[in-house]
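What follows is a group of structures, each given as structure tokens.
Shared chain: subunit A. Partners: subunit B in the first complex, subunit C in the second.
Up next is the complex of A and B:
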């Protein structure tokens, strides 16, 4: 009990000991549901949902808890996809090393982009991240190792730790689930740690946080790198799942999609991005045959959410239940 | 053939001219973004889609109604500006008082919808739009061949930019606009209809984008995604210049266009990224932008 109430003592109103208990329950329920999901749904579809859910959670860490709007998160997702693909296919890395290398690449990129972008605030931050991501897109379009329009295809999934054969979709699913839950727990611990409380303080009132003696830029940068690394974890895993890394992963439409997922689920909620990712990925699968209607429907959802549904699905649920989810 | 720095002069000046033209589009678009941001506090992500709508309106006027380039130059900005006014009235108005973020997300969503609808209707490949008869041909300047239409685009863009600057800085209407940018409540208290001014300003900014779209139609192919990548470059231009100064936006736009054109001559591979690299350098040296105020 002491361990649980300690962060709550420092915490903002969001996290009391009571407030956390039901979140643990939801988390356990989610883990159970995901563990039994392959009985009902295709593992490949589920893996796609999980990869994007982790991506959206990583993005949400920035927008929901630090108040930084990154419109270029595809850069980290796509870089990791290329890095994992190249490492696994060309260098023959085993999958665990390939994904670790990919995560590291994204973290390093996050350090550079974050270092540049945190010099400006608010809307400029969004434009800068978008522009930097676009620069990277043009770079990958021309770079020899990305395969241009074809991307890196037929990336081998390999054997995890030399033992588990990942070419079996179900085995791969368990690994992806473990990666997702690991990443999710890391984010969860981060936002409920003293570090996370400082991030929220920055979001609420940056000048005040500065006046309290916090080195705001360092906190922002650290959060940015963490978010980039976790986006990379998601992107690298996705490259192994689909055995493909392509320009789609770094395009600005991908950055827009992850914003949409977090928005639909609920910005700044713990579980929202997961629900949002499930909704948007299902929608894409459902509308896949209808050409550009996917884009139109996504755009309409953006408009509808901003005008009438700003709390998102989970945010609204949490409000109805009177508990933050 | 004359050569400059090892590059044939016609190639060099040709790219320089194309750079000036791109710069003209950057200038007009970033000008519109800056004016809209000043009064509405919204970064208009739909701007690229509205530029594309301008070009398509010109194409539709010609192919469906038989109205040529000169009519398009007048009617397309009016029509697209009118749709902008509707967007402001029915959608953007409802975001007043909310975080900047929501304006960005809403206009991003609108851009997706508009681009998706045009792609469904016209496909993704570009449609040709002929240069008007009056502006065909060109002048031989000795060191290069100057196509009339390209010269026209540069001149008319500069004129539009300068006219906008004059209206905002030197007229009574412009002073209302600047005052409302500083403090809308106070200006409203003086008996000026600020909400109407906000609507018209958005309409005007959008009309500027459509005007640029008509100018671009004969140079580039008219395609649903012609504004999608452009708007991101324009964002970088806005970050470099800062949105504090109208003249600053114009100068930055033209300047960056020229730099991009020169890069195309000397290091073609870097031409698509050079503006973003400049943005990074400016962020390191002068985080507020070349003409921006801090904040």
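Up next is the complex of A and C:
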């Protein structure tokens, strides 16, 4: 037992890192920063960042903590955008119900997509999600209620619970912030739940998890549905913010963007997708003048990440600090 | 069907892969409380047999009975829930989880399925004590908070054993527990298996014949997918057909 002392020494900092107290601190700091951000930045821009941050976090739940790579997540984001838009505009739903309905639609869609896709693994899983999402895209292109190329425009933001007038951007911002924080905390809890432990075990070694008696397909399916629902929450909220649901939201490039956000921020990190979303949305906003060159800049970032910062911004930062972020 | 002393029995177990018969008409009978070895040259079908018994593969023909119950049609997780727990040829640990968490994943099975994503993982801490006991039992108590991936190979196998025992299996299937180990580790793992085999039933695939001689009550020799011989070590070692199969196909391995 000569080797005993050495690994135990490595273990000490890790054990405290597992206490995760620093993550609560970062979380509090983030909430504070986001609460004061409208003083400096344009609320609509911030809302866009928050919607995509939630979307990226939901996506990261699958890729980072279950090891499932979905290339079809735009389907959930876009379906929710249409559902919220239609419910609010045509059926006259109040915003909270419109978003709840949208989330439910995406969850149901996630159940179907997930049920079909989790029978396969790795690249086949990814291809099935992509194929299903593409089928849905062409359905939405033709379906009358989506407005085809025009999308659903002038979606009313309405009054939250009949009280708060969301047409005021700042009021809307507080609501979006609450939605984001709620979604983020749910994901955080999921990662650190008994369920999350099993997910991590599946990610690390699926056959071993099976041999311990876990019905891994059911765990994967539940994770998939959760991810789809939270992507829907993000998409539905985004439709209200911009008062627009369009084909862009269901297009495969949207699925690609969320992959990019999670990757730039750091796969399998708690805060990475948020940073990734902020970076990508900022690029799109501030480099909008460059037109199509934005795509090229994004491509370069992607290449740089894959070559030099495999762990993403937050992943590398966490490694430097010696603490998981 | 199964007599009193039989925990696992197969009848006519066969697995065919596109015309290649990996396992042919195997009738295996594992006595309760025994340590039973499955040996044979490379490609004899030992691991395929394991995969069939744990339902990771579906047999082409034949039946499998566990404690008298036909388990041929069950899914792998169902077989595991009945108490047949396997290990893998390449050490199967959850690399980014700590040793303690690895064992706890198994202990967590006691609460049934864990679909409660809204609860805190803190409620798993009630198994920390038991997990530490198990880690101590296999001699890696000091590594409880080390990520499994950072453990040296021999310790990983010990961790795998601790995780397996945590489920209180009725039948343990160990796939080459000493594969790829140095002499010192082999000795340690052999002692460990002897310890955990007390009061349990173990079926193991093993290449290292000295380990087999040391540990096992019954040995089944598999060659080209078929049972060639069965008996205790002395009998197997004296069997000329076994010698021929071994020396003929992989000299010096034993």
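Rule of thumb we're sticking to: the second predicted complex is superposed on the first by the 306 of 325 C-alpha atoms of A that agree within 3 Å, B and C clash if a C-alpha of one lies under 4 Å from a C-alpha of the other, contacts with A are read in each partner's own complex, and residues count from 1 in each chain.
Note that contacts are C-beta pairs under 8 Å (C-beta built on N, C-alpha and C of every residue); 3 or more make two chains touch, one makes a residue touch a chain.
All figures in this text were calculated on a predicted structure; none of them were measured in a lab.
In the superposed model, A:134 lies in contact with subunit B only, and not with subunit C. In the superposed model, A:208 makes contact with subunit C only, not with subunit B. Of the two partner chains placed around the shared chain by superposition, subunit C is the only one that A:190 touches, whereas subunit B remains out of contact. Contact with subunit C, but none with subunit B, is seen for A:200 once the two complexes are overlaid on the shared chain.
When both complexes are overlaid on chain A, the residue A:226 reaches subunit C alone and has no touch with subunit B. Looking at the shared chain after the overlay, A:218 reaches subunit C, while subunit B stays out of its contact range. Those residues of subunit C lying in contact with subunit A across their complex are 54, 56, 75-77, 80-81, 85-88, 92-98, 101, 104-106, 108-109, 111, 113-121, 123-124, 139, 142-147, 150-152, 163, 167.
Listed in rising order, the residues of subunit A touching subunit B in the complex are 63, 69, 71, 116-117, 119-124, 126-128, 130-132, 134-135, 138-139, 141-142, 252, 256, 259, 263, 291-296, 298-303, 305-307, 310.
Of all the residues in subunit B, the ones that touch subunit A in their complex are 37, 43, 91, 94-95, 98, 100-102, 104-106, 108-117, 119-120, 228-229, 232-233, 235-236, 238-239, 269, 272-273, 276-277, 279-280, 283-284, 287, 295. Here subunit A touches subunit C in the complex through residues 1, 3-4, 7-8, 10-12, 14-15, 18, 186, 189-190, 192-198, 200-201, 204-205, 207-216, 218-219, 222, 226, going by the rule given at the top.
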